[in-house]
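A single structure is presented below for examination.
The first chain written gets the first letter, and so on, giving A, B, C and D; residue counts start at 1 in each chain.
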Amino acid sequence: MRRYFGRKLLIYILTFFIAVTVDWMIPRFMPGNPITILISRAGLRGNAVSEMYTYYLDAFGLDLPIWKQYLSFWAAILQGDLGTSIYLFPTPVKDVILRAVPYDLALLIPSTLLSWWAGNKFGAYAARSKKLDNTLLPLGYILTATPYMWLGILLAWVFAIVLGIFPVAGGFGFDLQPDLSWRFIGSLVHHWFLPFASLFIVQFGGWAIGMRNLIIYELESDYSHYLEALGAPRKLVRRYAFRNAMLPQLTGLALSLGAVVAGALATEVVFGYPGIGYLILQAINNEDYFLIQGCFLFVVIGVLLANFIIDVAYLIVDPRTRTGMQGGAG
Amino acid sequence: MIKAAASLPTSVKKKNEFLYFAFKNTKLRVGLGILLFFLVLMFVGPQLTEYEPTDFVGPSGVPPSTDYWFGTTSFGEDVFTQFVYGLPATFMVGIIGGGLATILGMTIGFIAGYRGGVVDEVLNILTNVILTIPALALLLVLSAYVKVRGIFIESLFIGFTTWPWAARAIRAQTFTLRTRDFVDLAKLSGRSSLKIVFTEIAPNMASYLFMTFILMFGGAILTAATLDFLGLGPTQGTSLGLMMNMAVLWSALPLGMWWWFVPPGIGITAIVGGLYIMNVGLDEVFNPKLREM
Amino acid sequence: MSLQVVNLRVFYQTLRGDVHALDGATFSIADGEIMGLAGESGCGKTTLGYSLIHLTLPKKFVDGWVKLDGENLPIGDTDRMEAFRFKKVSIIPQYAMSAMNPTRKIGKMTSELLESRKVRFNDILPELKRRLDLVKLPQDVLGMYPIELSGGMKQRMVMVLSTLLNPSLLIADEVTSALDVSTQQAVSEMLVEFRDHEFVKSMIVITHDISILYQIADSILVMYAGKPAEKASTTTIINSPLHPYTRLLISSLPKVGVKYSSQRLSGIPGNPPLLLDPPAGCRFRSRCPAAFAKCSQEPPFVEVKKGHYVACWKERGIYA
Amino acid sequence: MLKIDNLSKIYRVGTFGGQELHAVNQVSFEVGDCQVVSLIGESGSGKSTIGKMILGLISKSSGSIIFNGTETSSLKQDTLKEYYRNVQGVFQDPFSSYNPIFKSDRVFKLIKDEFFPSIDACEWDEKVENALKAVGLNPETVLNKFPHQLSGGQLQRLLIARALLLDIKFLVADEVISMLDASTRIDVLNLLADLKSRGLSILFITHDLCLGYYISDQSVILYKGHVLEKGVTEKIYNSPYHPYTKMLMTAVPRLDRKWEPVSIDIKAEVPNQIDGCVYYDRCPLAFDKCRQRPVLVEISKDHSAACWKLPEMIKG
């Protein structure tokens, strides 16, 4: 059991290390010099150009030898200083991101967990009979094939524009100040619903299909045949098969986080929902390199943390890993 | 318990048996049908319309009608032409991106699966690392810095970040085949490891590799569409994702011009959906357990 | 008469047509009798065993009827069979090593199974504990997961589980084939003890290893290509079989003390027929040294001597 | 012909390969020319591991395997190929020894490409024909067929024919007949025994004592990676000395004698003690001396066992 845990930890540390390194490398090894781009964009002339150049030079620390830059980059991250954002000057990158994170969590966690639970139940239900399988499951295939943002656009168009029930964009009503009044929270939920729905629906299809195949294999397994031979009711056999089919789905959940984050970014852009996705796009359009790096780091940390929590959950749920594997050969 | 006894009459060879069952499978036929439809549309389309994707053909914001089948954009461009000219880009990304991901996945999957031991451990960690890093975030950052982007570069990006899915699947499959006796027998015949992988293990997995490619193909299209939608796709030429991006950018939603963003979405969903249905059909053909419900 | 089977026919539905896996089995088992069911792979012995308790797709009930303790066993109707399974008829499957749910504690699974069959777990617990001691399994095995048990222990746990409700007929499929020689004897003798303790009234032991049947079975039914060839008491089958197939089968088994240099044994040339479209008449005709014209007709499975049935023209002294 | 000297195989298991599992522990025995030696052991005794090490399919941890004077572990690519010209193997599951998507006689083509690249076609076909006849197979019914169209017995004979094509000196037969039906099983056994007369030495790996007795000149009894008794087959079967061998002989189900009601206590298996006698936890004669590893003692010519109680048994 410790072996299983040790390996997982190693992977996370390594992933974090590589992510930070990649994050640090990108601006420095890209064609062209980021600073010249910044300055040309700012439209400065004459000596302002050289002054700004030197200012940015030490802000980036480009004059220092490479490895020193790298160490100072790590030192900054560990103290939580991600530099100041250019696009939202002078607020530091950290605050900008922290403002966006709660929106992201509110969107991602409920949509992922609910769609995971509902999708699996639906997949198990659909695997009961040939008729159900042929009618309900093609729906699952279509849903997984739908690009996240397109479903977002459709929902926005139908519910926001045509029916006008939900707002089209934004995190909360423009006329409101963020406070803890019921009106503000109501408006929050009101704006949150459509992005949540689009994320939920697309992921739902994926889990349904995965579960359908897994539960068919479990229903074909030896212990299911044994229970049936001893006359166990269909409900018990299906309950056991479902529980065992959920375990690979739990690891599947961890692996799919990368894709889910991508979907969230796209959906946020469609609804202008003020999460990290929207932030990254703003940063890119305004070439705010510090903010881009900061957002990328937060996304990676978020995914790693979620993976870690799911692995711990897996250990608790699956007795086989807990009791350890018998090694050795015959 | 009749395992080997009920074999085929010798006249029907192993190959025909596969084709015989394959085409009886409805899911496979439906998936293939959708795919062929769009392929034909891709080649025939440009002949059907005399305009170029960016030509100003008529009044802006016209709903679909007989002369503009998919209506026109707010710039007066013909949506149908853009759709038809966007298809090749989507297929191209699928083939190159999906193909690259499958090939990378195959090499790493075979080496890790066959070699085992330390090499397997290292490659496995590498796969998990790239799997955990959210590919799109990486792509966003990369695309932001690479100013000039064509479809080819985008496909490379996608190929290099989505191969772990293929590697994981192929490694697991190679692992099971490696312990089979016929691999040991090949070793006893003095075959080198490389030859064994490509003449004994790979042919056995041909069907599995093809299905992995289909999934990679679909995945590449979806990722590319998302990138194009965020405006980080190819800077010149058109693609379905780009159409959606333009539609949202030029507020097709508030203006109620549904014909601008619905067709590209349907195109992507249908192609990728067709691929996935075809994949499930093939899955049923190859392991009968799934077929006999 | 504990079990009576008459002309039982069960086919396998495959994409290329029906496989006549079991083509007319007729035999009966008295109370307290352990009947060995022997034959080579593909002779239909496992199909016969599973059909008596759990006949599901792709198997298809074709013909024949079965009586257990005088009551008709509706093996063709899976739903009506529900009441009989586990209570009247039970089975130790061939895959006993993986028969228990890997992610459930054994005690928890047993109680859930019993409750689902409307039997209170606490009433059965004392008896369950006694039987665990009988098969030398520690009682805290109920709190363990199947992965923590060795092969022999899993086999014995499944044996106890399957016979917990004292079924009148127990079908034991290849109970010893996955075990080592040392545990093989212990497990086989436990089967006999289960019969002596009246946990089960009668038993069918399916195996390809006839020497195991010699040790524990009262009678042996030898099957060939889906049809019963011969049934008699164990000693008669081993020492003085009548059917040519049984004779050749017994003589081809190497015994300790028989050496290649001194006494070269011989196998049975040829292969069993394909059962997709089985040959007419006696199915052993193509491989039988004593085959003659009459064998082209189907030899009936008939009682030649008291308790000795055989399906062969030559042995019934009838010459064309 | 083949000398195994102090051969061991240790597997890394547990967290970060913490614990060691001694699958094979300092095993030594020999196989002479034109001799059949049966390696008898239950599952988990390490018999297959030894077979695979001899065939160079898995690496050995320590000890040596000497074939006609040359140490096999030093062999690399082309010398290993030369070794395979003399030593071949046949495995347990016939259906797993063939690549299901190719015709079964592709195994011959494999040999032709690697060992006889320049042989001309008709000479090769003639060689194949002779090999098939030598194993009692009719070329028409066997060639050009897929593995699932042939029976287990036919497939195993094809593998033996494949080995004969190389006119090998030494064959490792790892449980070759345990998957076959009783009637076809004996023919394959007779075939192996006939090959002995053609100057072939065979290591016959099995868990079935009757088969071992039927075919082998010498036997080696293996338990949890240790050799407990070895020698001439008749001596070991008729007058076993080691308590484990005695237990095996009584536990074997025979057709002429009922089981003696000796009650074997089947306690839960105790993990391997690396130092003491492996049979310590189940042995009725166990006493404190058995905590150290017993050494092989010669009882009579070509018959030895590893047990501290041997001297008393020989005297008594």
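The working rule: a residue touches a chain if its C-beta (ideal position, glycine included) is under 8 Å from a C-beta of that chain, and two chains touch if they have at least 3 such contacts.
As the structure is a prediction and not an experimental result, all values here were calculated from the model.
Between chain A and chain C, the least number of touching-chain steps is 1. With chains reduced to the mean position of their C-alpha atoms, the one farthest from chain D is A. No other two chains have as many C-beta pairs in contact as A-B. Centre-to-centre separation of chain B and chain D, using mean CA positions: 49 Å.
A separation of 22 Å divides the Cα centre of chain A from that of chain B.
Separation between the centroids of chain B and chain C, computed from CA atoms only, is 51 Å. With centres set at the average Cα position, the gap from chain C to chain D is 31 Å. Within chain C, residues 41 each touch two or more of the remaining chains.
Under the contact definition stated at the top, the residues of chain B that touch 2 or more other chains are 4, 7-8. In chain A, the residues that touch at least two other chains are 326. In the complex of the two chains, the chain A residues touching chain B come out as 10-12, 14-15, 18-19, 22-23, 26-27, 30-32, 127, 129-130, 133, 138, 141-142, 144-150, 153-154, 156-157, 160-162, 168, 209, 213, 216-217, 220, 255, 257-259, 261-263, 265-266, 269-270, 280-281, 283-285, 287, 292-293, 295-296, 299-300, 303-304, 307. Residue ranges of chain B in contact with chain A, taken from their complex: 125, 128-129, 131-138, 140-147, 218, 222-223, 225-226, 229-232, 241, 244, 247-248, 253-254, 256, 258, 261-262, 264-265, 268-273, 275-277, 280, 283, 289-290, 293. Remark: chain C residues 40-41, 136, 138, 150-153, 180-186, 188-189, 208-212, 214-215, 238, 248-250, 252-260, 264-268, 271 touch chain D in the complex. On the chain D side of its complex with chain B, the touching residues are 52, 55-57, 77, 80-81, 84, 88-89, 91-93, 95-102, 107, 110-111, 114-115, 145-146, 148-149, 151, 159.
Those residues of chain B lying in contact with chain D across their complex are 4, 7-8, 10, 14, 180-182, 184-192, 200, 203-204, 206.
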